Each structure stands twice: as C-alpha cells, then as structure tokens.
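For clarity, chains are labelled A, B and C in written order, and residue numbers in each chain start from 1.
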Amino acid sequence: MARLPLQGIRVADFTWAWAGPYATMLLGLMGAEVIKIESTKRPDHSRMRSLAAGPTFGGPNQAPIFNDLNLNKMSITLDMTRPKAVELAKRVVRISDVVAENFRPGVMDKLGLGYEVLKEVKPDIIMLSSSAVGGTGPNRHYVGYAPTFAALGGMAHLTGYPDSAPIPMMGSSDLRSAATSAFAILAALYHRAQTGEGQHIDLSSTETIAVLVGEAFLEYTMNGRIPTREGNRDRIMAPHNVYPCQEENSWVSIAVATEEEWQALCHTMGDPAWVKDEKFSDAYRRWQNQEELDRLIGEWTINYSPTEVMEKLQKVGVAAVPSFSGLELFQDPHLKERGFAKEVQHPAIGKRLVVNAPWKFSATPAEVSRYGPLLGEHNQYVFGELLGLPQDEIQRLVAEGVIN
Amino acid sequence: MDRYALSTIRILDFTWAWAGPYCTKLLVDMGAEVIKIETNKRPDVARWLPPFADDKPGLNRSGRFNKRHRGKLSIAVDMTTEAGCDLVRRIIRISDVIAENYSPRVMKKFGLEYEAVREIKPDIIYVSLSAFGATGLYKDYVAYGPNQAAMSGLANLTGYRDGPPMNLPTAIADPTAGLNGAVAVLAALYYRSKTGKGQHIDLSQTEMFTCLVGQPIMDYVMNGRALSRDGNRHQIMAPHNFYRCRGQDKWVAIAIASDDEWHRFCDALGNPSWASDEKFSDQLSRWRNQEELDKLVEAWTINHTPYEVMEMLQKVGVAAMPAFNGEEIYHNPQLRQRGFLVEVDHPEVGKKVMPGVSMKLSETPGGIRGPAPLLGEHNHYVFGDLLGMSPKEIAQLEEQAVIY
Amino acid sequence: MAGVKVLEYADLISGPYCTKLLSNLGAEVIKVEQPKAGDYSRSVGPFPNDVPDPEKSGLFLYLNANKLGITLNTKTETGLALFKELAKSVDILVENHPPQEMEDAGLDYPSLRQINHRLIMTSITPFGQNGPYRDYKAYDINIQAAGGLAYVTGDAKREPLLTPWGQAGYQAALNAAIGTLSALYWREASGLGQHVDISVQECIASILGDVISFYSYMGMVKPRCTTLSDLSGVTIWPMDIYECKDGYVDICILEPHQWQSFVDLIGNPGWASDPKFEDRRLLFERTEGQEVPDLGPLIKEILKKYTVDELFHGGQQRRIPITPVNDAQGVLHFPQLKERGFFVEIDHPEAGRLTYPGAPFKLSETPWSLERPAPLLGQHNKEIFSNRLRYPKMELVKMAEAGII
C-alpha cells in the first residue's frame, strides 16, 4: 500500500467545533495519526449541535456533522479537570509531533497544557493555537465563531446584495480558517525536518479570512475608498451573474471575459436582435448596461435547465456552470468520476456519503479511510498500546473517572 | 474655386542645382508664384545635365531642369551690377519669401544677406539652404547630395553585405533637403499669418539628412555599436529581398512579416515541400535561414514575371511589388490613374511627361502650372507688370545688359 | 506652430516622423496607441544593452519625443467614440492605416468631416486612397521597388538594393508634413479643412532624379549605377565612394574647376592631363564608338594613399566636394553637427539620458523645441481623458479594465 505524505506523524488533537477539527482532519486525510482528546462530560460541540441531527438524533455518536469533520481520527476521553488526566494528556503529547487546540486563549494554560509546559514535555513539539482573534491583543478573550470571523475579517461586508445587509457566511469561514491552520502546521513540520526545531503557531481565524480579501484593503490604502457589496458583479466582466433556469430555484452561473466569448454566447442564444444594440457593443458598455443585459440573458436561460445551459455554452468555450445544491454536488457525474464523495460505513448511523480528500496525489493518495470515531473509541489502543499502560491501571483510571 | 493653397505667396528664388529648386518646386505646385533669378553667365547647372530632348544639349532642353522648374518664372539679371541688385531689391519688396542655397558668403557679396533684406522687407521669410548650415567650422565647405548621404551615415549602411558602401547617385539627400525646406517655409508662413513676423531659416543639408538615419544613430548612442551594411536584409522579416524573375533584369521585392503571411505565401506557391521544413517554421528560424530561403523563393519567382508574382501574392495579402524601372514607372497604372504623371507642353521640347504633385489635397490639389521657363522668359512680366516699369525702361536695362 | 493641435493615429515611421516635425515646431501632438502593445515601433530595436523593452526602443524614443501619449482601442465602439471626440477638438489628424480599415471603422475623411469641418486629415498609405493598388500590402522594401528607387540603386550586375532603415517612410513623412502645412495655411483664409492623401509610392517616384526624364526624353531605361558613368558603365567622372587609407570618402565633382583642383590634390598624375576631362559636356557629346578612358581604377589606386582627413580637409580647402563616409560613430562625433548643437540630450523616465538627433532646421523667431521625452504607453490618459474630456477617474479605470484604453 502506498505511503501517505504524513505517515508517521501523530497529532494530539484538542480541537473541537469546526475550525480546529477540520484542520486536523486534513492532516489525517494525508495519513497523520490524529488522536482526538475528548471528554464525555463536555463532548465536542458538533457531536451535540448538528444541523442534520433531525428527529432520529440519538446521542453523541450519531451526529453526521461530527462524522464529516472528524474522519480518519481516533478518539480518547479524559476528564481534563483531573490532574491525572492532564498527566495522561501530556504523555500523549510526548509521543506526538503536533498539538492542535482551538480553545479561547488562556484555556490551555489554565489546564496546565500551555506551550511552555508542553515544550518541556517535548522540546520540538509543534503547537497550533487557533482562536477567533489570536492569542495576543486586547480582544483575545472575546468569543468568536464562524460568522464573527467573516464579519471582523471584512469578508462579510463585501458579500451580499448591494441593496441589503452583509451576509453572515456561516461555517465555511471555519473551514477556510482550518485550511490555513493545516498549511501552517505543514510548514512548521517542514522547518522541524530541516532544523529539529518545533514552535508555537498563533492563528487568528479572523486574520485567515481577512487575507482573502486583500484588494479591498489596497483600495482603501491606495485611494481611501471603502468597497462594498456588489452582489454577483465583477469589476469588469459582464455578463457575470447567476441566471434563473426552468425549474423553480435552479440557477446557472455565466461569466464572459473576452470579445470572443461574448460572440460565442450571442451565437448560442441564436443571435437575437438585442445583442446588436450599441449598448452591448463592447466590454465597457456591457458592464455599464449589465442590469438590462442580465435581464435579457435571464429571458433565455429560463427556457433551459442549468445543465443544458452549461452544455450549450461550454461547447463554445463560454464559462457556464450550474449553481449546484448539496444534493446535486453528490449527483454530478463529473464529481462522481473524480471521486469527490466517498461512502463511509458508520457503526451508529450506517452508510454515509462524505466529502473525500480534496487533493489527488499521484504517489501518496490521500483519502478518507474511516468514519468519525465514537466517543472514546480508542482509549484502549492509545493508553494500552501507545502509552503502554498496564490493563489494571487503565481500569482503575476508568473507575476514577479520569478516563471518562 | 481656388485650387491652390499658396496662391497669395510670392517667392524670389535664388536657388540652383537640386535641393533648393526642389523646395521651390513643391511650393510652386501648391500655387506660390516663384520667380527664379538666373543669369546667362552662370545658368543653373541643371540646365546642362542630361537627358536632353533628342539627345541635343541646350539650355532649355534638359529633362532634369524642365521637370524641376515647371511652373516657375525666370528672370535673367546681372547681379554683379548695382542696377541689377537694385532691381532685385525692388522685387524683394513685393515678395514673401526668399530662397537661396549658395554657401553663406555669396548672398552677403550681393548685399542680400538676411539682415540687409530685412531692412527692405521686415517680415520677409528668408530660407538659406546650404550643405553644412550658415554657421560652424565647415560652413564654407562644398558638398552635394551624395556627399550628404556619406556624412549622414546612410551611404555606409547601404550596400551589399559583402561589398563597400554604396554611393547613392540618385542622391535622395537633395530632394530631402528640398522637402524639409518646404516644411520650414510653410511653418514660417503660418507663423507670419498669426503674428506678422518673418524670420531667417537656416537649413543644413547634413542635419536634414542625418535625421533620417534614426535607428543606427540610436544604436550607437545606446550600445556603442556602429551598424554596417546588410544588403536587402531586414532586422527580423524573412523572406525580405529582391528576387529575380523571368526576363532581363526583372526583379520583385517580397517581404513577409508574420506567420500568417508566411502561410498564405506558401499556399500561393502551392505548398512546396520545402516550405514545411522545420528551418522555416517560425519567423526567427526563417530569418536565421534566409540565405537558403532566398534561394528557394527565387527558384519559384524565376519562372514568373514580376507582375504575375505581384498579382498572385497581393491576392492573398502578401507584400510583393516589382522593382519598376523608368519605363515601368512611366506606364504604371497606379500612378497614371492617380494622375501623378502629367504631360506638360514645353515651347522648345514639346510634350513631355513628368512626375506631378505627390500630395493630394482634396480642396486645393495644386498641380503643375505650366512648363519650365526659358531663360529670362518672364523679364517683361516681372519688371513690367509686377514692378510697373515701362517698356522703355526695360529696353534700356536690356541694352545695358543688366537684364538679359 | 504653437496652438496647433495634432492627433496622431499612426505606427512606425511615416506618420510619426511627420508629426514629430510639427511638434518640434511647437504643435501639440497627441499620439494614439493601442492598449497593451502600443505603436509597433516599440517592439523594434535598438534597445539598450540589447534587452527588448517597449519603453526603451531607440526608434520609438527618437520618433516620438515631445508628444503626449494615450491608449485607445479603436476596435471597440467606445474607443471609436472617444477617438471621434478627440478628432472634434484638434486641427490636424495624421494617420497611416489601410484605407479600407479606416472606412470600415467610420474614420474616413467624409465621416470625420461631418464632426469637424475644419479638420485637416492627412492619410499616408503605400499607394494612396484610390487606384488599382489601393488595397495592396507593401512594406518599405516593396514601396522602394514600386517607386522605382530600388531598380536604380546598387550594382547593375546584381540585384536591386534597398536604401535601408525605413527611408520610404521618412520621405512619406516629409511629403505629408508639406501637404498638411499647406492645407493649414489655406485654412487660415478659407476656414475649411481638407483631406491630404499621400501615396508613398508617389513620394519615392518623385525623388528619382532623372530616371523618369531619361525615359520621357530619350526613351531610355536608366540602369543601376553608383557613379556618374555613361550607360555602358564606364566611369567618366569621379562621383563615387572611394576607399582610402583609413576609411571611405565620397567624391562628387560636378564642375570643371573642381576637377582641376582635384587633379592638383592628387599630385597631377600623368593621365589627368587628357583634355577630355576638362569639360564634361565634351564627354556627353562624344560620337559613337569614341573611346573614353575609364577613370575608376585610376582614381581608386591613387586615393588609397591618403587618409580620410587628408582628402576631406585638403579637398575642401581647394573647394572640392569631398566628404568622409561616416558610420554612426562618425556622425555622432562630426564636428560640424556638434558645433551647431544638432544633438540633444533628453532624460527619459525608463530609458535614461540619451542623445538624439535634433530637428532639421533653425528658425530664427520660432526655434525648434525638443525637450520632452517620448511618452510611456498611456502616460497621458489621465491628462487627456480626465482633465480635458472630463471623464471621471473611476470611469477611466473601468475603461482600462474593459480594454478600451
């Protein structure tokens, strides 16, 4: 079996909710052994509050969202209020390469697991602390979730219809932050491979979102101007929008960048008389008159399904892609062929379709290999085999509620 | 309707040989009244340059002279007499422009340098065209057209790759000086129409011609390099040369600047196998292999007349033009249709065709106003009509040989 | 020409050199270039240190100093509309595009006259606006061929020769300047503009010297020759380039007294006392079959003993038209040019400080000016579109993004 890129790397994963776990899951997809340190007293957020919980929700091992965000990982349970549990956690850290946590700044310190302490335990440990606004600064103790990252980071202000309020941009902000975390950890691993040095990574989710809207800042620093919401508009492309299709609430996105593409679009629409109007005769004029342009194009797309529009336009080299719903993402033939989704068998909730690894490595194929762990599923393996605790000690710790 | 742009201008023309007269020729075609001063003692050198009508030399029989001085008026005055100079001063008083192309001391000898003439007519436009200019170390040196080509660097750059610098007997330096002179005169006339002021125009033929050698001069300035002869080659175009055609001394110039033109060219030749050789696959490789390419192209052109090549290639948008000789120019349909070649009836040599006006103005096209003057032909008109002298006065001056 | 406004819509040499002359005389020239690529001459060298750079082309820098530069994509409706707005506000338009292309774009003279009846529009094309060759394609070499110049340049035993570095373009530019200025002068009185139609072929055919006369007067076709010879190629008069000890000189003796002085200069060799050489007219009047000594080899032999300077200054002191054959280095160091201040140094923001040939005339009241460097691509977009045509800056940004400017 092919070696995976992070094979041999072990992550002591203290993260919870979305932003942290997705980061460590990415590492897990690449082959790292991710040990999620949980507690039955205070289970991970996403085990309990799940959008897809539904009426059949039956407990912390049945949350589909948790499953989606914690594939490939192992789970141990420790009551972190107990000193002995903290010791055990340190022992896990001792045999790990990476520690990841996304508590509010100060929490790990209070638990006795701050970076300075963990550095004593393992001098070259790489520790990621992901928080809403970072580990330093006057607001570091503030609470933040995904919507606040986008709001504070400036992306929310730029997203939305021109005539209404900023759009909150939900969980995806977490996942964007998580991807940045994973990248930072990989960079630190590389540095450690070169120098033997570990380090502490202080990651502010707000900042990870802010860097994605750089132009807006430059507009301000260069010209003192504050960009705002433009709906689906582009700086200069037109047409550039989503257009209504035959079925209720079905949409196709179309974007035209060059004169050739415009001609191809007109031709595909059957060269209606209105395309010859002076108003649409060059890129600049199309942009100026795009409201009318959008309306007219919508009158064409409404006769077709999004897939039909995509096929007609892609054939002539025009960028058109349906606005996929969640279901359509799983049904789309292209994504299917790419292996976008994988079926995972979960002991409690059965067969689930999950999103597979987002990279296709030619030599070290990263992929989903197991379901999100049941609570404490790997206590025996971690404490017994990895830490080498004798069986009776484990039983005692369970009885004491240290391992809970 | 007035078809002459300069019909209100009178020019007193001291010029001789080629450069100066070419300048006044341009202005006479545009409607100016040009009074040429000559003497029997030293007629304009062009009067005795061949070709002569019926191969018989004569002051009024030179083709060169008759072409260069068509439409002008001629008076014959002995400038070595005080009376003669006085007459000239009277003409100056009613003239707008004086043109001369002697070396600087000559006009001063007549007491007709700019400062003196300005006393007579304050707003006179005084054009001095000399080989080296009115000032400077070499101002009294002698140089004709071919010398100018040599000094400007153009002669050094013209010639076969393996050969010496080529003398340019057609001496484009002379008409170039004439053209520049006309530009300067017109600019001065425009200025005078706005301000009422005349001025002195000091033209150095060397300077005027050096302006036409831009790139080689810039290469020396930028890179310290003095370029040399490259035959008919171009910096990057290939094919780019003269190719022998069917017939005696028949040539066609072909120039190809892009891959598109090259493909159309190959098509027109019936796509011979050598055309798809890697050696000629893009512009740079064609340029590098142009020696071989030229041979192959010539192997094709040799089977056709230049006209056939022109028609075949122009039809597909490839630049090909025959190297027309004098006879072919004379009969050229393009020049004829545009009325460029004009037949002029001369009292002594009869009807002869000559080049007409090289700029077509839509409202004031100008044109050849009449044949070249016989020596002193307009004495009576100028002295009688213009200066208002009586026939008796004129007869007296003729007797004294002040005028001829 | 202060106060005169010129719009230039031209590439390479024929248009730009024409407007360069006007700008050196004080006219304001606005040069229109296509966005991104600009004037074709930007891609033509020479380049400093041979590193191609569209802001450092020697040809472009030389021909376009003093001008304002804007970019405009005339293949778009908006671009054309802007062009016409500019055409309305200028006195002169100089362009060198194919006639059909101008017509198709609605930029031909009849169309532009509608929006500006005082406009002088100068169109420079290889063969003019009409005639059977009107839509023919021709580069410089083709025009020299079609104009009859190539045929008479070079060696009669070899192929015709190109006079290099864009000479047809320069001739066209000069003719264009004359036509334009004549029209401008006439407009003062009449108040009307007009179309100036320049055929480069005609410009070349006008400077052939005696080629056409030779045919129209004697029915003879003038062949290629480099010296004044009779039609059989024998040198009857020293009018050629000769190699000397350390270079080449050009000798152009036209008059008998110059011949005498020349003979004196070269030490009175025996063969020179042949009376035939005293009067050229005798040579031309000689009868059929009469032998004429070939001067060529005789002169070549003697001149090899002298240096360029000896012949140049020694000859000139005797009033003989002898001059050196300069290469570019010789030109830049030529004392006469330097003394008259012909060369100018200008600072260009990208190319740095360079020396340029100046303008070809000295006018006492309105001296030529050459101070501003050639424009960077689109350098004056803001000046023209924003300050003068009053388009808001944001709109210029959009137009740039849309490829209009």
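One rule holds for everything that comes next: a contact is a pair of C-beta atoms (placed from the backbone, for glycine too) under 8 Å apart; a residue touches a chain by one contact, two chains touch by 3 or more.
Given the structure is predicted, the values throughout are model-derived calculations rather than measurements.
Visitor: If each chain is a dot and touching chains are joined, what shape do you get: line, ring, star, complete or other?
Guide: Here the contact pattern is a line, an open path with two ends.
Visitor: Can you identify which chains form the pair with the largest number of contacting C-beta pairs?
Guide: Ranked by C-beta contact count, first place goes to B-C.
Visitor: As a quick test, compute the distance in whole Å between the mean CA positions of chain A and chain B.
Guide: 78
Visitor: Using mean CA coordinates as chain centres, what's the gap between chain B and chain C in Å?
Guide: Taking the average C-alpha coordinate of chain B and of chain C, the gap between them is 12 Å.
Visitor: Measuring from the mean C-alpha position of chain A to the mean C-alpha position of chain C, what distance in angstrom results?
Guide: Between these chains, centre-to-centre, one finds 66 Å.
Visitor: Which of the residues in chain C come into contact with chain A in the complex?
Guide: 76-79, 398-399, 401-404
Visitor: Quick check on the complex: what are the chain A residues that touch chain C?
Guide: 235-236, 278, 281-285, 287-288
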